[in-house]
Amino acid sequence: MARLGFIGLGHMGNPMVKNLLQKGHEVIIFDVNQKAVDQLIPFGAKPAHSLQALAKNVDVIFTMLQTGEQVKQVYSGEKGIFNVLAKNHLCIDCSSIDVVSSRKLQEIANLNEIAMVDAPVSGGVAGAKAGTLTFMVGGEESNFLRAKPLLEALGQRIIYAGAAGNGQAAKICNNMILGISMIAVSEAFILAKKLGLDPKKFFDIANHASGQCWSLSQYCPMPGVLEHVPSSNQFSPGFAAAMMLKDLRLSQEAALDTNTTTPLGAQATTLYSLFVNEGHANMDFSGIIKMIAGDSISI
Amino acid sequence: MARLGFIGLGHMGNPMVKNLLQKGHEVIIFDVNQKAVDQLIPFGAKPAHSLQALAKNVDVIFTMLQTGEQVKQVYSGEKGIFNVLAKNHLCIDCSSIDVVSSRKLQEIANLNEIAMVDAPVSGGVAGAKAGTLTFMVGGEESNFLRAKPLLEALGQRIIYAGAAGNGQAAKICNNMILGISMIAVSEAFILAKKLGLDPKKFFDIANHASGQCWSLSQYCPMPGVLEHVPSSNQFSPGFAAAMMLKDLRLSQEAALDTNTTTPLGAQATTLYSLFVNEGHANMDFSGIIKMIAGDSISI
Amino acid sequence: MARLGFIGLGHMGNPMVKNLLQKGHEVIIFDVNQKAVDQLIPFGAKPAHSLQALAKNVDVIFTMLQTGEQVKQVYSGEKGIFNVLAKNHLCIDCSSIDVVSSRKLQEIANLNEIAMVDAPVSGGVAGAKAGTLTFMVGGEESNFLRAKPLLEALGQRIIYAGAAGNGQAAKICNNMILGISMIAVSEAFILAKKLGLDPKKFFDIANHASGQCWSLSQYCPMPGVLEHVPSSNQFSPGFAAAMMLKDLRLSQEAALDTNTTTPLGAQATTLYSLFVNEGHANMDFSGIIKMIAGDSISI
Amino acid sequence: MARLGFIGLGHMGNPMVKNLLQKGHEVIIFDVNQKAVDQLIPFGAKPAHSLQALAKNVDVIFTMLQTGEQVKQVYSGEKGIFNVLAKNHLCIDCSSIDVVSSRKLQEIANLNEIAMVDAPVSGGVAGAKAGTLTFMVGGEESNFLRAKPLLEALGQRIIYAGAAGNGQAAKICNNMILGISMIAVSEAFILAKKLGLDPKKFFDIANHASGQCWSLSQYCPMPGVLEHVPSSNQFSPGFAAAMMLKDLRLSQEAALDTNTTTPLGAQATTLYSLFVNEGHANMDFSGIIKMIAGDSISI
């Protein structure tokens, strides 16, 4: 078994480390938040006192961080690990960050003969705990093949999306559809209800018609239609609105970088931005149906 | 077998009449366009020389018209058929019109003790020809039960949506999701491609992820991904952009009538309106991907 | 002096009646709200016990009502005044209603040989009190010329906009620009501030540049830039957000009726709808800057 | 008289150099496009064979380039002029670029004890030729005071916007209002016309009402209303749509960088992007009224 390093021990990183430990891996961990480190020691993780110390002691490094800036600091910053990693070392960045930064990092890795892939996930905290995440992986195929068996300890679907950054690209394009369709379904249910149509009846119709989509079939935002989804549990996440907004902003950054026109992507970004600004950052992203409903219907 | 009247013999009405004839019904037909009438005579349909003449000679009336105004004229206009219909006569309006007009007509029908339902369809010309339409039916349940066996001659799914106008409501709410998700999928494919992601690869990923929707899985607008869809056939319809725009405008009328906020419904209406205004009324509605792509990618 | 009738004694109607009385007119009044009637009696107005009683006793009728439906009831409803008005009587509808209804009413008036104009106002309650309203008048020019001297008792600018309904058309097109530009200016001030630009400095620059507009120069939504505007008085109206939303909805109705594409008009309607739905109906419409700012800046 | 260097000799740079020469300055010029250099030699400009050669021979440097990337290359790239400039040298960047890049460059300049300001312009090619540009200047006030007399050779209004990057911030916030209001005015004129209102009549009304804005009063997009504006000259620019799109994209980059919500800014960016993508990059930005009108009205 390879010795693994794991950097970034937040809501996602924590259960991912536990899963790696449970599969028998040795895992050395690091986070600027000491509390997050301490929580994992009872499970068998070993703390490193610095990024570089960690880097020198492992064969493979996972990162699960919040922002592109953090990822850059960790890898290529002044005290970053690229400075100390041995050649051919494998780095797996599971963070969701912008495509441009992801590609630049892999270029630098390349120049240093370090193997690297971007491997952002979908499935949220629940998927991280259950080990059922989906990984969308970008990078050289040989690097993907090295990463795959390790990622299988953490997820069910490990998909190769092509060259460096393509994992990020796949994720934000998918999540852009998701964010838009969640709002679309919300609008449709509110309009249907105001027109006097029973929500369950509308669900039955649209679910078998051309309006069918994952946001409707698997994650219906109208309370009382599906069990075991956030809308039937006071919109407790699930996938927080702030995280959806982060992904939508990444899509808009990518659209600006590539001169792409995304009229609904832009509109969905506006709407989640208004929703988060009203104080709903931690509500499930399907809670946007409350903003669409306004005070005219109690949701 | 009941004697049926059919008013409105356009692209949809024509194959619907043929299906009714083929099932052994006697069908008396009327249209202001004499040519449309003549085309159906060889198949056994019998022409009436006026709306009222038709109305006096049949037990059940189908209408398949373009606009709410036409439907009002035919039923409750000065020379409309409500003036001559016998009590308990059944009227089945298959036109897609605004909810308010549909409800008003059924109120008038009620006062005259005429049975009426709204029964708009999805499935397009292809579905009309194949007899595989979906009907979303609104009106009193007893009227729905009378209409159902007749509609089974024309379609595969006959769904009861509740009170008068609910068939229209269900259709426009469903199609609002459809119009929005088609644009969302188009934006995602163009952005993915500009980011260097292979379209088939992106399809495989999103189709098994939270971005899955009918517009992607069954009707992918990116050429070359699915066979036998309009995008792989020069965007020949299918479901014309002008028809999608009509349904979106109906959704916006309904939203104004009910004080509902539909930010993406409004945006989709804007986009199909710009698309149709550029001269693409008769292109399949998935052709909007060409407008999203602009001249930066040849689609 | 002509004997005048005035129907609709709300926030606007009340001060308008007072101004007519002060100019020496005899004014007979009616409102379904008895309290609104009673408030004007001390000022010399005479109550009528019914619409029709009022109509029989005056030469000219003013209406200042909330909705197109109310206006229709008052004029052409079952107990409406068109049933009793003498020929050549002049009706001045100052309500803001949809263009189609306004035109239909004037058609009916025409058939009954009653003179009628639409004369919606801008200037708000403050303008009504001060007698400084602007009237945008539609109808036959001869009718406009009869109405003009009477309207001069109530306003400073009495503009002839052309045929029936054109007063309404002019008002909603103007107010659509107003609603859009108020949001545009709000976005620009928030963005400028977040970029570190002093609001007064930005005002000075934009006010002399191509970003100049009435919303900025005369009604700046950024608090502390201009004195004596709602933004410097806790966004107390002024012109309430709910009234702006009403006008924007009228613009969208007109756009649907005429197949016009109004991408920013639709977006502004969405935004004021979200704003009003959050409970800000009675805040000045410039308060939308608070929604744009969100919790990131305290406005 | 100071010896001036000028880098970037395009549509704007060319007339700016001529104005500097005419005021008696010695101007050394550089552009990667030799043709652009040659055109200015007959007017007295002296060519440099490299950026660094130019930098060593002048006291003050002007740059007027297209993109942030070009500006970075010229100043801080491998062969950039920061490498050779003497301390206290003054750099005036007149390019319109993103705020973040502009600020980073001035930080680097600061570290090298080079004086630098951002000084983007408004007024277009016509203003550059006439010497009537407006400059919005950001940077330390002492640097602004050094730049001001030189800029007065090129423009009429030289405005100090505050710290580094504030010139860029002021310009993009102003132009965001401009782009939005141009579309708003276009929508209003098309809607007014479809409602039967005469364009000149609507102009007279809105120009004296709350819809007044620079886009309407000074640059009306409806042909035939104002003389001497692009709409009355086949939409020949003026200010090209592609340039407006560039500024709107900069506003959206700034909005993403600062977590600002700009619903209409985003929508205007979408619309100009669709317009440019249809092949109208070089049309005046007021030509967007043609897209709003579609084929329903010939503009």
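Order of writing sets the labels: A, B, C and D. Residues in every chain begin at 1.
Quick note on the criterion: a residue touches a chain if its C-beta (ideal position, glycine included) is under 8 Å from a C-beta of that chain, and two chains touch if they have at least 3 such contacts.
This structure is a prediction, so every number in the text was calculated from the model and none was measured.
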Touching both chain C and chain D, which chains are there? A, B
I want to compare two interfaces, A-D and A-B. Which one has more contacting C-beta pairs? A-B
At what distance in angstrom does the C-alpha mean of chain D lie from that of chain B? 49
Rounded to the nearest Å, the gap separating the Cα centres of chain A and chain B is 39
Of all residues in chain D, the ones touching two or more other chains: 259, 261-263, 267, 270, 273-274, 277, 294, 296
Under the touch definition given earlier, write down the residues of chain C that touch chain B in their complex. 249, 252-253, 256, 259, 261-263, 266-267, 269-270, 273-274, 277
Tell me, which parts of chain C touch chain A in their complex? 273-274, 276-279, 291, 293-296
Please give the residue numbers of chain C that touch chain D in the complex, ascending. 99, 122, 134, 136, 157, 159, 161-163, 165-166, 169-170, 172-178, 180-181, 183-185, 187-192, 194-198, 201-202, 204-206, 208-216, 218-219, 251, 254-255, 258-265, 267-268, 270-271, 292, 294, 296
